[in-house]
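These notes open a run of structures that come right after.
In the two complexes that follow, subunit A is the common piece, with subunit B as its partner first and subunit C second.
== the complex of A and B ==
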């Protein structure tokens, strides 16, 4: 009885301490200079999609927010993360809606299940242009079940639909579960990092990659900011 | 005195020459481009029937007949490549158009062997039926030295092609309904002339412009890229043409429906004499609208109470 209580207490202490000493890396992704103007998309050839967008949507190669915030940047722990190789059980979902990809950039772990759904009234073909992984190309007419796939090597894979040439997105296949994608304000947050030395990488589809080294010593939040130089065109 | 001077002069000259030339010489030792491929011929094999191909045996054939377009290094950078459209296959990627295997997988040895013999219509790849079986098998093995995928992966499992049902007007009508429903016309055009709304924007996986197949061209001699039998057409849309915009429909077409689509596609070859066009002209060239006789059941059918019932 007593040993059980002691064990339980020890376990509690362990759990608490690991929670207590979990650090966080957070920050903001911004740009300098003037980004290229994103062109409005003419979906006239696909009326069922065009009518879902009262105001035409634009390309999503560079998406910016207020105060020079840069969106759709994948920020991830590229080295030092302790849980490499742990494949999450739940799938990530890539949605085709209104002839757009939701989300535009989808991070996932190597070998994690990837589900692709088609909510549109039109056929799409999902054509991820993998170079390290296998390149495949599948048709998905309306009303068909989700496509289930996975990638076994880390790679940033450009995804396109050949039927609707404006549709463009990315799969970010990573060897870590510590990742985030910068949203409206350019903010990102990588929580639950035990003490240690880490390399944080920020990847943007047009502006390239940047890295920063950071050391977590305990229960603390380290600020890391990334600034990309905008390309004029 | 003069003698010593001469020796000194020669020695100094020698030193200058020795100091001046090594840098140049070493720069010439490792050229970026050159006639000698930096290539290791790995001991790859191919198995076609009872013929076994060996990569090493195809070395001179490859350099004489293939390297001009596909390149010494198999990277599609042969000296003729810039003039070609579509571009030669890049063997370093190991993505192949004509396969009997699912999209994203390696082709079988037979697939590659057949491609060499058949050639690729609408491209500069000729029909290599002058090679012996052994030569072709050796070349199939040689192609495998260019990509590590051949050492790590096996060829995909060939898709099963069921026996072809008879060509009927109903089969053609159903095929037409599928052509519309699966939106083949978006690229291939309503009449299969390769002029659909998305046709002009198509690019292959290397961003080179590419045309969808025009079914209406040619007469009895019209060929598809991956063969000219009905089985070949069946395979093309079930496996997809990897590296191009043509996707695989294996997950979305049932095997019998696929045969109906094959029969309809044959009628798009308007100048070709064949069973499909005979059936169609017997019906005065009119394809009736398709009526689904077996609509998907919304509830369990009442008359089918015993699933294991002896029939």
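== the complex of A and C ==
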């Protein structure tokens, strides 16, 4: 009995300490140079989608914000993460709306449920071009229930629609739950990191990857910034 | 019973001829310089085939009527040695008919496909791929950039596989999802397939031409009426074939120049 109580107390202490000393890695992703011009998308062949965009949308390969901020960069803990292998019970959702993918880049954990929905009045054929995982493509007519899938190996997967050539997105299948995607200001935040040594990786679909090593010693916020070199074409 | 059958044959033949004779489902108005020759040829073919069809059906009905009341023991007429004369006559008649249609029709077809385009024709490249058409204009330098299939990146809107980084000629190429053309100017359309067989069909232009992978064909036409017309793929090309279309926008010269300028600025 005594041993059981002691063990419980020790466990409580361990949980509390890890919560008390939860560090955060945060920062900004920016670019230098001039990025290629993103061209407006002509959706003329799909009038039901074209009319949802009074001003045509552009392709989203390089999305920038003010002060050289770079969006859609997946920043994640690529080594040292404390929760490797913990698959979240909640599914992530990939939406097809107005003949675009929302979000453009979708991070998820290995084996996490991926739900794909079609909100459009037209059929889509979703085709993730997986190379490490099993490749598939599925048709989804309007009004059909979401497609449920999962990936069992980490991989960055380019996603296209076999019906609408301009549609493009990415799945980022990771082995960690410590990830973020840079938004409008290029900001990202990786909270709840217990003390330890970590490698942080930033991935952009056109500009490649960068890594940075950080050491968290206690309840602190470490600044890590990534700067990518823009390509003119 | 046999007489009812004979009358039915005659009625079906006449009823089916009515919509064709009355032109109920005629083609849409022609908007090309060469289309009238094709329409004329179609009209002629329909007339000759229609008259032959009606004649054959009515003769059939007549014979059915005539021999309808034949008793069980009545003797059948036989043709000892075969109906050689009749067969040869039919062969010559039908053969001459088809040959004549072909020879006369040749002029309608050859003006589009065999004649060289005018020197001042506007060259546009059409690319068909699963499941959309894209069109490329050479830009101010008048030159198309070279195609690099390995550079095709549809998510980045590089549908043709251009290499603007290294190829200067491709930098000003204009790529559009619609085919905009100036009215009353000859267009020389270079047909390029990205993947499988497709077809370019505009009813109002009276043009239907296949895209053949690995073979760059060309077709030329002059549109004579401004407006928007549908371009559809008429060669079964896969899952999204039903949805493979684009629009032909025939614009006045001023509108076309403006359109081209706007596209170049994008």
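Rule of thumb we're sticking to: the second predicted complex is superposed on the first by the 217 of 233 C-alpha atoms of A that agree within 3 Å, B and C clash if a C-alpha of one lies under 4 Å from a C-alpha of the other, contacts with A are read in each partner's own complex, and residues count from 1 in each chain.
Please note the rule applied: a contact is a pair of C-beta atoms (placed from the backbone, for glycine too) under 8 Å apart; a residue touches a chain by one contact, two chains touch by 3 or more.
A quick note: this is a predicted structure, and the numbers were derived from the prediction, not measured.
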item: Clash-or-fit label for the pair subunit B, subunit C on subunit A; value: clash
item: Touching partner for A:45 - first (subunit B), second (subunit C), both, neither; value: both
item: Partner chain(s) touched by A:152 [first = subunit B, second = subunit C, both, neither]; value: neither
item: More subunit A residues in contact - subunit B or subunit C; value: C
item: Which superposed partner A:140 touches (first subunit B, second subunit C, both, neither); value: first
item: Subunit B versus subunit C as contact partner of A:162, first or second or both or neither; value: both
item: Partner chain in contact with A:61 - subunit B first, subunit C second, else both or neither; value: second
item: Which superposed partner A:127 touches (first subunit B, second subunit C, both, neither); value: first
item: Touched partner set for A:119, first subunit B, second subunit C, both or neither; value: neither
item: Clash-bearing segment of subunit B relative to subunit C, given 135-143, 189-197 or 225-233; value: 189-197
item: Subunit A residues contacted in one complex by subunit B, in the other by subunit C; value: 45, 122-123, 125, 139, 162-165
item: Residues of subunit A defined as touching subunit C within the complex; value: 37, 39-46, 59, 61, 122-123, 125, 139, 158, 160, 162-169, 206, 232-233
item: Complex interface listing, subunit B residues touching subunit A; value: 93, 95, 102-105, 181-183, 186-187, 197-198, 201-203, 205, 240, 242-249, 251-252
item: Residue numbers on subunit A that touch subunit B, as the complex places them; value: 45, 122-123, 125-127, 129, 131, 134-141, 144, 147, 162-165
item: Contacting residues of subunit C [partner subunit A, same complex]; value: 129-133, 154-157, 159, 164-165, 176-178, 239-240, 243-247, 266
